[in-house]
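Next come two complexes built around subunit A: one with subunit B, the other with subunit C.
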Partner chain A sequence: MIIMAKDRNSLVFRLVITLFVILVINFFLPRMMPGDPFSTTSADEVGEEIIVMTEEQRLYYMEYYGLDKPVHEQFLIYLKNLMKCDLGKSIHYKMPVSNVIILHIPWTILIVLGSTLISTITGVILGTYSAQNRKRGSDRIMMTGMIAFAEVPSFLLGLILLLIFSVHLRLFPLAGAITPFAHYNGLAEQILDILYHAFLPVMTLSLAQLTGVYLLTRNTLITVTTKDYVRTARAKGLGEKTVWIRHALRNALLPVVTRVGFMIGIMMGGVVLVESVFSYPGIGVTLRSAVISRDYPLIQGILLVIAVSILVCNLLVDKIYSKLDPRVAV
Partner chain B sequence: MTKKRLITLLSVLLGFLVLITAGCIDQDGAQTGTLSENNYETSQKVDVVHLTGEDYGYPQPFTIYPRGPGSSKVGMIFDSLVERDEIGIIPWLAERWDISSDGTEYTFYLRKGVSWSDGEPFTASDVKFTFDYEKEHIPISGGVEPEVMKIVDSVQVVDANTVKFVLSQPISTFIYKLARFKIIPEHIYETVTDPYSFLDPSAVTGTGPFLLDEYNKEHGTYRFVANKNFWGPNTAVEAVEFVPVSDSLIAFEQGQIDFTDISPDTLDRFTSNPDIRIIQQPAFWGYQFYFNMNKRPELGDKRIRHAFAYAIDREELMEKIGRGAGKTGQMGILPEDHIWYNPDQPAYEYDPEKAKALLEEAGWTDTDGDGIRDKDGKKLSYVLSLASGEVRIGELIKERLSKVGIDVQIKALESKSRDVNLNSGDFELGISGFGGWGQDADYLRTRYCDLSSQKENVASNALTFGYHNDTLNALGTQELRELDDEKRKEIVYKMQAVLAEDMPTIPLYYTTSYDAWHISKYDGWMNMYDHHARTHSILSYLERDGIAAKR
Partner chain C sequence: MIKNINISGYAGILSYVQALNIYRVGSNIAMGSSRMFLKFSIEGKIGVLGLICIVMLSVFAPVITNYPPQKIAGNSLEAPSSAHVLGTDELGMDIWSQICYGARMSLTVGLAVAFISGLGGGAIGILAGYIGGIVDQVLMRIIDVTMALPSFPLLIVISAFLGPSILNVILILVLFSWAKPARIARSQTLAIKENNYIIAAKNYGANPFYILRRHILPEIMPVLFVLIIGISSHAIIAEAGLAFLGLGDPTSKSWGMMLNSATSFRSIYFTPYWQWWLLPPLFMLIFLLLCLAFISRDMEKVLDPKLKIKKGF
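Presenting the complex of A and B:
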């Protein structure tokens, strides 16, 4: 009991330290970027319109948003507000950061979770199939295809899917997360509309993640099937299905679970690009525009939320891991 | 074993099929949805124009975003005293105005019977209130710059329909500045202490031709509907909808939007369609090349700057990087499409021999044979700061300059970092691109004159570090005081002549893209005389009669 309590304390302690380091980086990194939210004078793209502020306007807004104070003072104010669960006010969106995040993060969660689910299930199924047919033609073809496929960057994949399914076949919408100005007759219609718009972004992210899961499942399964306990299981006269699912797959899934946990974090990079391609109103494009406009409070807020969700994911992975592999819990 | 393999394969296939058909079913649902919507539209004779959308903020002057075309959305709801058409300034909320002979008193006679969209009457008091309120709370868009505000001593309500602006000194651009000054309702904003977080529906109460019917921040959609009580010409479209698109060309081809701008490369796809009208935009967006004469004193020698202009092939830049859609830079700064462009100025066409001769004349020769000219141990070797999107422009310039013995190293930065370097004078040579070249020619003064009165308010893109010209300063002062448009135009012509000779910066080229729209959907698009975007003009959505009649 004593040991467990100590463990728990150290876990909490570690989390607090991690969180503090994240807070410091989140706060200072955006401010180290050149420029400030009000000093843009030239456009990023040809033809882009921007309202150029005069020096007087710039100083006025710096004061309004408290950016004229010394940085360490700003940091203390930020921490103090954070204690009150106040993430500050977005400079670009002119509304509380928490509201901006709440508005956009469900869309990202939808496509990230959706694609994690699809890529994991499909990857495990295909990986198992490949492992069972190791060194046969179908396995070789599948593996070569998958590896070649993995080299395609997710935004390019998104563009290809967009071109095929939205532009040529016109099966899916070109952009957005819902039909503009839609008024739904009931929840079912709304859910269908959301799924219809989410389909291509989810497919893009799923396909981008698929190869990793597939390869890991296949290779671990191949290693596992050479282990003594699988041989024992077979020798016991267990059915091939039972051997594969209860003995081989269960053990092979351990690294896959770990990978899925990390994948959610890694996916954030891909999400920004995929959301841009499909003009999907998620947190990725919001972060991008926050960085472009140097919206410090919003950058901090989004990075914090992402960091915390990755921490939570890792904790969950630990939990699931110990369920799958009772040895870890001890 | 084979049976099992088949089952696994089939289940995988089935999984994919389910997903794909799920998409198809939704698609059918969506299609019938739009079909019924169309039927509804025709039966009700509702004319909707669809445009490219994105979230640009709540369309009131304090909450709109500074980046992107948000200002035009503010302009759909709020009116200014005067408006701009294809020729110049036209009366709007003010029917007419008097200017005192010394140019310091502007009396505006306001239109009678104008009311706010909530039914309250619009009066002179609203104008005074807006001005005073925006002294305290600087708007993002739809205001008068603080520099101009300071010149205004007071705004006086003469009677309910007359308002007088008293200025401390004459300023020729005052009426022009008021064209962007959007009047907000006193009875609503008087109690608002923080307009930057004022997102109430009453915040978008205006006198303008449209009402905000629906705004979705999350998805970036706006729907504006005609204001039935609008005082002015009838609206030609009943509703304007801004919808998000991933690619505006494809969305245009598929009929999701009715207007788009297209690049010259894709022109061919549309020219054969008789229902699509394609018109080139005026060239009011351009790239400028900067010299920092403080950091590199030899650039203060006019001959060296001229050598740059002769050595850089601006035609080539426009052809290769602008894809032929654009106009080459004029050394008088104002582009050809500007209403006050002076055609009588030297062209400085590409002429490397002349550039070499000028450099020789200034005493710069290649003494050590490394291909770079030098003088007194100093080399004509420069760092050119630009944004990552402009690297190709930089590469071409580098190649051309190396042929005349000027060495350039390209420093590509993220655009915001480049802006910081340019603004703080931490550069030797620089390039940046920006719009607004069609605006009132007074920008020649704010950018290139270093008058003591404007020292403290560094105007944007006034990146002429170390540049000073007394003649230009005198002309600038004159131009600011001159209230007669014809005389002022003459002065602006002279300023262009001085600039073309002196060359404090080099405009490289002005880009133009093409506007394309479906004629059968809506054909009323017009261009303001000083701005390139047709969709930004409120007159584009109105019937062209009465005060908005075509000129």
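Presenting the complex of A and C:
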């Protein structure tokens, strides 16, 4: 998706509106959910509630968390606190939401950035190779394989990798981000342990994103190599390597940059499922458990963090793109 | 014409609309589709046959299974045998029955979401493009916002809020997938609207509904159909994903639900149970998605011969 010049003026405006919509959904939705965090709803009979605390205790907690005030007042308080980066207090973890998120988000960032890096680099290399060997056997096989890969959603791919490498071959851990109760003899050993646990989730996300980058690189390269300036470069007597890297690839990478930005956004959404497959303690798994335990502030906080990171990525892509391609910044 | 299209990537779709005049909707749909099937590549044909097999499984589920999917029909966690072709799960329910009845779930969700959001979104887009003005502006803003929302995290939260039921899952998925067909239908309508033959028809006094039905719809329907296949596989993935997280309809045994109950069974990976409990739904889901992908890829290729050259096949 290439952002055209005339659309760019309204981009910031659009992102602000989107952010506001997310804030509104974010705020009202959890409050409209059935049940509240202080009672457990029985699944056997509709309407039957098992109260785990007395009415007095319940009212006390409602007041303590500010849930007894009118809804619009709660919304204003919420916005005011957001300005102060205060996301409220998690009901389940009994500590500030921002702390819970800060505790878990490094794991998510680790696997998302790791797989972005791996899938971009591998995708560009394979795409270039494929474009150079266009219409030969190796290109065809790679294309078919890649396209089939792209259709398998990341969490199913994760399950397959888990079954093959962790369950069958027993090469990788089944769950978690670090070995529990481990004592490390040094920083290197700790990093190795983290990488060992992150390997399969990162591989899953990378494989799921690889095809997009690969196809984009390959197809743009094929289009670019028919351009006049590539012919000129060849006519000047430049080596094949220089033509491919300096002239063709450099121009073909422009759409890839945009793609990577959107990719991070898509991954932030899909990471919830992949983390669940590997029981990886990032914000995805935290969001899942927050939904189950109806921890409103935590749900709000995580949704907000995911949404903001996606919007920021879109904005960054736009800025980087106009830097790289002066034709866009009219 | 190209200048009317918002996103240059859709230019490809536009070009095969033009190549598609032979497949006018309403005339010879059966002929068109059988001719299309013959033009499919081998993968495409496998895709169509595979999809037909899955549809058969779901339609004839009561005939080809011995037990209802939610009946405790045997011992807990039986290995595959002649009584239970694929074994049983932890409650002693037959896995093969669950697979067959689960196909109904995936297909229903996929088809319902795709048709409602594809046709509904398409209709909204065509109207907005045709009417133009403030209606169009407002709609475009709404589409922009809808497309910018992080759909999966919101899906999780909204489905938790609405409560797990198949209707809710369909509703939420429609809410998140109508924007793309609307956007494409709109830009198509804008492009077609400027053609001389439409202006001529207007000058002859054709009313808007006549123009929409006779000139605009037939041009846009093929694009919408390719989109509908794409949306249906997204919907199937999303339903399976939600069910896998435990947010599906607990009373129905969908494939995602089976994955959920198998993976949340304690220490399943240390037992051989995953071989007959986890693998079948996993395999079926991937098979269905691959079939849909092959079909949509071949449809695109058949509809637009130019695409072949452009993509360098």
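The rule is simple: the second predicted complex is superposed on the first by the 273 of 330 C-alpha atoms of A that agree within 3 Å, B and C clash if a C-alpha of one lies under 4 Å from a C-alpha of the other, contacts with A are read in each partner's own complex, and residues count from 1 in each chain.
To be clear about the criterion, contacts are C-beta pairs under 8 Å (C-beta built on N, C-alpha and C of every residue); 3 or more make two chains touch, one makes a residue touch a chain.
Remember, predicted model here, so these are calculated numbers, not experimental data.
With both structures placed on the common chain, the touch criterion links A:Leu76 to neither subunit B nor subunit C. By the touch criterion stated above, A:Val277 is placed in contact with subunit B and with subunit C alike.
Within the superposed three-chain model, A:Ile306 lies in touch with subunit C and out of touch with subunit B [touch as defined at top]. When subunit B and subunit C are set side by side, the one touching more residues of subunit A is B.
In the superposed pair of complexes, A:Leu174 makes contact with subunit B and with subunit C alike.
After overlaying the two complexes on the shared chain, residue contacts for A:Leu117 are found with neither subunit B nor subunit C.
By the touch criterion defined above, A:Ile141 lies against neither subunit B nor subunit C after alignment on the C-alpha atoms of chain A. In the superposition on chain A, contact is made by A:Leu15 with subunit C only, not with subunit B.
Of the two partner chains placed by superposition, only subunit C is touched by A:Pro153; subunit B is not. Look at A:Leu315: by the touch rule set out above, it reaches neither subunit B nor subunit C. When both complexes are aligned on chain A by C-alpha atoms, subunit A residues 33-34, 162, 166-167, 174, 277, 292 touch subunit B in the first and subunit C in the second. Residues of subunit B touching subunit A in their complex: 1, 4-5, 8-9, 11-12, 15, 19, 22-27, 29-30, 33, 53-54, 57-58, 62-63, 65-69, 71, 138, 140-141, 145-147, 196-197, 199, 214, 216-221, 223, 241, 243-247, 250-251, 254, 256, 261, 285, 387, 389, 413-423, 432-436, 456-461, 511, 513, 532-533. The touching residues of subunit A, counted against subunit B in their complex, run 33-35, 38-57, 60-61, 64, 89, 92-95, 103-104, 118, 121-122, 125-126, 128-129, 132-133, 138, 162, 165-167, 170-182, 189, 192-193, 195-196, 199, 203, 240-241, 277-279, 281, 292-294. Taken in their complex, subunit C has these residues touching subunit A: 6-9, 43, 141, 144-145, 148-154, 156-158, 160-161, 163, 233, 237, 240-241, 244-247, 259, 263, 269, 274, 278-279, 282, 285-286, 289-290, 292-293, 297, 310-312. For subunit A in complex with subunit C, the residues that touch the partner chain are 1-2, 4, 7, 14-15, 17-18, 21-22, 25, 29-30, 32-34, 134-135, 144, 147-148, 150-153, 155-156, 159-160, 162-163, 166-167, 174, 218-219, 222-223, 265, 268-270, 272-273, 276-277, 287-288, 291-292, 299, 302-303, 306-307, 310-311, 314.
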